[in-house]
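As written, the chains take the letters A, B, C, D, E and F, and residue 1 is the first residue of each chain.
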């Protein structure tokens, strides 16, 4: 269960309202690389590993919870940046607009223009955040990547943190409010930290490459297909040893169409991975069996229970299941 | 900020795996009336009232936090209902399928069929929950209704709780696992309770009808337009005093087209509300000014700060803002 | 079937074109609280009650039809606010842009800027409405709440009307065209009226609380969980009798984590509702049987027919079914 | 405004409930080629032509209104095909599931399986239609094509009717209920009729090719680029006169890459259209001016009004505008 | 398989950066009528006809491939229109914003404003295109219409090309960069050409009306229902022979409600098509058998193979299948 | 531009039709981790680097083009797995269903059931692929991650390849057709290869950590917040040196709420990164300037041109720009 602590994790402040920046900042509230995405991604991934890998569960839930706490910081900042918009909207007597005309046509025009570029705030949410990105597009469950395999999920997380980091970096160019900059820098920094957390956690799982269980077909792993004409760039990504640590070398297929025709649709394409198919099959079977058993050892076959009360050990709920 | 407590709020258990019901239960994980929707709705609404109405903020955050805790219960139950699916998928040696054929063709056929009706679990999430509804449609930010006005938002919440309640009621017909039924009954019950919380809170705000600030145009408030032919139902919703507590009566417009033509597009339609337009204008101005001032009194004009450290009073952050 | 009457229900007029406000007004054409949502919501709900509750069907279809008529008013207003945009776009000779430069650079710049903030109008719809909200997000079928239970659906409608009302209230602050204001005030007023219609109709169904059939688990109905730290707000929503009309009192759970651990995940939590579980079961069975029979009495088991020709009584089609 | 006539346009009947087919039929309720899409497409297109082309407005609104009437037929059929599902769900006493087990395990299993393949009906809508397609994906505003030009919109409509027709044709293979087949055949037939209506209407607009105002660049209109290798199909679509009625011939570009390089990115590509660029510019200017003036002649520059009361002539509202 | 040729099909150039127009142009990159939609539509349709109609496959793949090449032109133009945005964002030292203030407050304000109207570019994509339309709404698979019948699909394509053409026509009004105009004119022209390709191809299929296989119900094909009141437009779309080439005439149903009641829901409606129902049934059977056999003759019943290596004849893969 | 080669890159074959697996395989056609996503992601990323980093452009376009070629393999396999569905649907005489009843009720029931679980194939696409995932949810532009920074984008790609790989791994468990398995294994293998390509390419960019330009705030980089109660897992991700290669150590914040209160919302939180803030600022400025200048050196300030004809060098278009 969750508990809400009224103190924000970081002391969010604004120097003065700035509705334009509030709109941009929505990108990290309800956008595809924002805090809700991160929180929900780690939270959702955590279910699959709760029983089999309780140490990784602990880590995923720590970070999911921190991301929910960051979502709160972002929402608080947006709300403060909208200033008195909510109060203005409450003063809704019908003559008000015409009165404003007499007072100041510029102020009115600005308010209308503001509404036109940020309709979500002024005619929909009444000045609070919306669960959308900066363009007003609603947050979407398919932002969340959770595939039930830590060697995949942790890589999804490293990439997610990278994207969240660059979006904060971009956002920092569009405000000079020192309080807001400080909050953004805090949030950006935490993405870097989480990147490192996930990197370290991935490293404790061996083997973790290729992601999942199965090795590739040794005919095709080391082949690079040059799918375009003209001058071709060569580099460690398509020549020499590259990142292959099994003695393999890149095989550069310069004219894919010719190769495909000659090999009858690659069926007769020569093997590029130095390992034999038989060795690979053995590896697949061993790793599949090992991982499968790790999980089966922890997930009860019949009735099951998620929590112990109190939960004193990392895997205590497992012990309680009868 | 949030804190994660490893004990679930309710002791979620399953008697045995049931992937079909797991799929149905997704409706309350990532569906339009599910726990994520509820949690995010109250959480998002809370920002607008943080400073002006800290008592309502406290209530909204209590319930948002409870809904996140319910989301966890639903996800845990789905995961346990999927049983050893994740472990099975890890045993991914390529010959496995053919081996299975020799062992049991039925089991294999069932697994394939299961995958076809629940592709999200078996070829995507690896057995964990997905942020979708039971049909696989991703959760969407526009499920969240937050309009910056408590007389509106609390009504959105009462309706949201009603829908969540009926979905649990329907779901309870599709399982007979006593553990799962007990959890569903707990979750369903909490929707009833929250319905009452929001009802009581709405009642403390006066006036709360009509929602928002403005009264209706007295020409049109009490008119009911009979937009269909044939036999017409009459009842308290279109005749007599109905729910009008200002001495008004329903005005039943039996032949709308004739009325519209005769009144030049309702411009010359006689007034149906007994109150004068002038009185209504006065009411609008008074209420608009009152609500606007309530908010302005609490939201600082210049720099602003969300939290005090520690936050000892309901509205302490306001006092800390300089 | 429907019939289209060429006269608008309300005499929509504009004093002069105003493309910026046209864009804002899209919120009520294709937005989540707009007229299409309302029309489709009541229309969709109506199917389930056609045979069992023909009086409620009549009411839902009257209002659905009125909402379609309002959708037409909103679309007409948007089109008139776009003025001659469509004609301008037709004058599409390729040299036009350069000619415009010589004539007036400001006008051209404004037109480009207008297009940038409202791309849907100028490069997509050619000046007419789009089935999107003000931010350009397409209308979505999941805006519609129809759950096959009047005690739920009518509450969804009351909330929907509340949201539609506040959006009109907000919109009225961004125009001072008296004709447009008059139309908006008409539309806003009708939301108030429909709110009252649905309230009165809900009141004719007894019991209507809790929504649906089932009572809550008496252990949990009256408990309020204080899910946050610091100062806590107390009020009728978590102390005293609150809105409970069965002699019950709120039970305030101050430290939920302690309570959860002590009660083994609330399994041993003491009952908060004064009614016995047995009484509640009886109530459930009685109401379930009653509502189920009400419907079965009206919906034929075998072949079925929707309409009689002519349809002279509220439930005549039922009689025609053989 | 709209008026609801309680008689369905076509006498929708079902011989007996068939929830599986109800699910398939959703495709025409809330799917991309269904009745709501058609109704909303013609309704939305109609706004742009209301004042300038009132005869086309009359036609578009006639058909939009008929499509709303078809949507009602589809929804009624789905509801009747769901039979007593709603009544069953109301009998929601908590012991019911276990009682059912004793009575008939098959019936229960079937109901659960049904729910798993159609979650929208049984755990969400309570047996009524949902605003989704047959897979449960919500209807979407971007199904509607309305581009503010009749030579485009009418072609969008011809294509839309073609798609709606084939979907009904496919659906007719999955039921043998003669009543349902009769309704489907009626609905399918009307798509054919509307196809012809739009074809005839398009024909009254001259010129209507190319759609819109501008002629193509005479260098490129008649060129066909052979973008694939191997054997190439030749036919009236890339050789001979084809559908060109200006004396032009197809120019077949056999080796696009060579041609592109030789012509410096087609800049020096020889003209394929026999008309001179100057003639084309003249055509563009003439047609642009003509269409633009047609519209300006009917759409008032200043204040505007949509309807006359009563509306006795096709374009009477225009005359009423002051 | 595809091959990428580094030369663009058309020599895309820009005279100078123009971020506002870049945003508008997104409509044709990731919008509903843009190049990705066209490419994916023809590509997806092509699968169904690969084996049965290899000449149409060749044509669909030629045009799909050209549309992917146009998508590249649009993306390249957007990128060049964004100028040095990417480089500016890289200069991300935290003091930069404040430095900019000292240098030029206008430039900074403009950059912030630009970001607010185009958040996708500046805080998300870093200056490159996004797979969205001009309003920031993501491209969606339901833009693609592919229904497995060439008489339907080719009409969907004719309509799609019409819409793409008008959007380019509209876009050309919002730039005066001669290089950009030249590219837009090329792209617009190709839509006209493809329109003609699809028209000619549709013409080679006989019969192609009605789309699909089945003729309409002869009772209803020729009836036009006048669904609105007031003055009614009459024209070739509802009177006289219209586009019917079987000797039929339009039947104008002036008062649909009366007709519907009198004919008991159209059941007793007199036939409008001069052909007999028996003849129509015969036609249906003949055409259904013919088309079905055309396909079955080419699609192997058992094992199947897509390609021959090399693929020297239009239908060679079929011959290779064993 | 693209060129289509009629030979598939890999010789896709099926042993016999299998519509259930066709449905599952849709996940890799139009799903969030499928081939269209991969193709569009690399294609979209490529625009930003075309001029500044032509070697990375060459690599991204090679792989994007290969992914489009894989999309074709997946679509071809789905189409062949659907067997004669399209031919069956063409045999659409209206009596057919009833004839089928006499022939074989089982076959008919199966076909109806198949349609109910795969409505997209049988009532929508007529047997071809749809641009949706296996649950029928349309492909979405927000699947594509392209953020204008290679240190981010390449990490997004590594994660995307990981997810695509595991989905193929899961899919391989649901078919035993050796031809299909061979194609899936080929496709799965290429994801591993591309993973390595992107890893090697990322490694050539130094520094590449943190992604983007800015270093984190030294107060917060090395802190791990323990956001949950109970037993806590400790490992290289929150204790010791972890992956920090600057001499730093993890700082474990055991009781975040206490720490937050004590440090006044982390403002007074002690620095965790051993580097000084000044050094970090210097690093930020240096790297920002360097990357910014790399791009500016290649992207022309004024007019710009994408391609040279012919394009003989990696960066030739830049040279051609005038």
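Assume contacts are C-beta pairs under 8 Å (C-beta built on N, C-alpha and C of every residue); 3 or more make two chains touch, one makes a residue touch a chain.
All figures in this text were calculated on a predicted structure; none of them were measured in a lab.
Asks: Would you mind naming the chains that touch chain E and likewise touch chain F?
Replies: Expected: A, D.
Asks: How far is the middle of chain C from the middle of chain D, if each middle is the mean of its Cα atoms, in Å?
Replies: Centre-to-centre distance between chain C and chain D: 26 Å.
Asks: Between chain B and chain C, what's the gap in Å when you average each chain's C-alpha atoms?
Replies: Distance between chain centres: 12 Å.
Asks: Averaging only over C-alpha atoms, locate the centres of chain A and chain D and give their separation in whole Å.
Replies: 37
Asks: Go ahead and note the Å separation of the Cα centroids belonging to chain A and chain C.
Replies: Chain A and chain C have C-alpha centres separated by 33 Å.
Asks: For chain C, jot down the residues that touch at least 2 other chains.
Replies: Within chain C, residues 1-9, 11-12, 33, 61-62, 65, 69, 88-89, 92, 94, 96, 117, 124, 126, 132, 135-138, 140, 142, 147-149, 166-167, 169, 172, 185, 212-214, 227-230, 256-257, 260-261, 264-265, 307, 309-311 contact more than one other chain.
Asks: What is the shape of the graph in which nodes denote protein chains and edges denote touching chain pairs (line, ring, star, complete, other)?
Replies: Per interface graph, the chains form some other shape.
Asks: Once the touch criterion is applied, which pairs of chains come out as touching?
Replies: A-B, A-C, A-E, A-F, B-C, B-D, B-F, C-D, C-E, D-E, D-F, E-F
Asks: In the complex, go through chain D and note every residue touching chain F.
Replies: 20-21, 23-24, 27, 31, 33, 117-118, 133-137, 166-167, 169-176, 181, 185, 227-230, 256-257, 260-261, 263-265
Asks: So in the complex, the part of chain E that touches chain A is made up of which residues?
Replies: For chain E paired with chain A, touching residues are 1-7, 88-89, 92, 94, 96-98, 101, 111-113, 115-117, 119-120, 122-124, 126, 132, 135-138, 307, 309-310.
Asks: Along chain D, where are the residues that touch chain C in the complex?
Replies: That would be residues 1-9, 11-16, 30, 36, 40, 43-45, 47-48, 50, 52, 61-62, 64-65, 68-69, 72, 75-80, 83-84, 86-96, 124-132, 138-142, 144, 146-149, 179, 212-214, 281, 284-285, 288-289, 291-293, 295-296, 299, 301-311 of chain D.
Asks: Given the complex with chain F, which residues does chain A contribute to the contact?
Replies: My answer: residues 5, 7-12, 32-33, 54-56, 58-59, 61-63, 65-66, 69, 137, 140, 142-143, 145, 147-149, 151-152, 155-156, 158-160, 162-163, 165-167, 169, 172, 185-186, 188-190, 192-193, 195-201, 203-204, 209-217, 219-233, 235-238, 242-244, 256-257, 260-261, 264-267, 310-314, 316.
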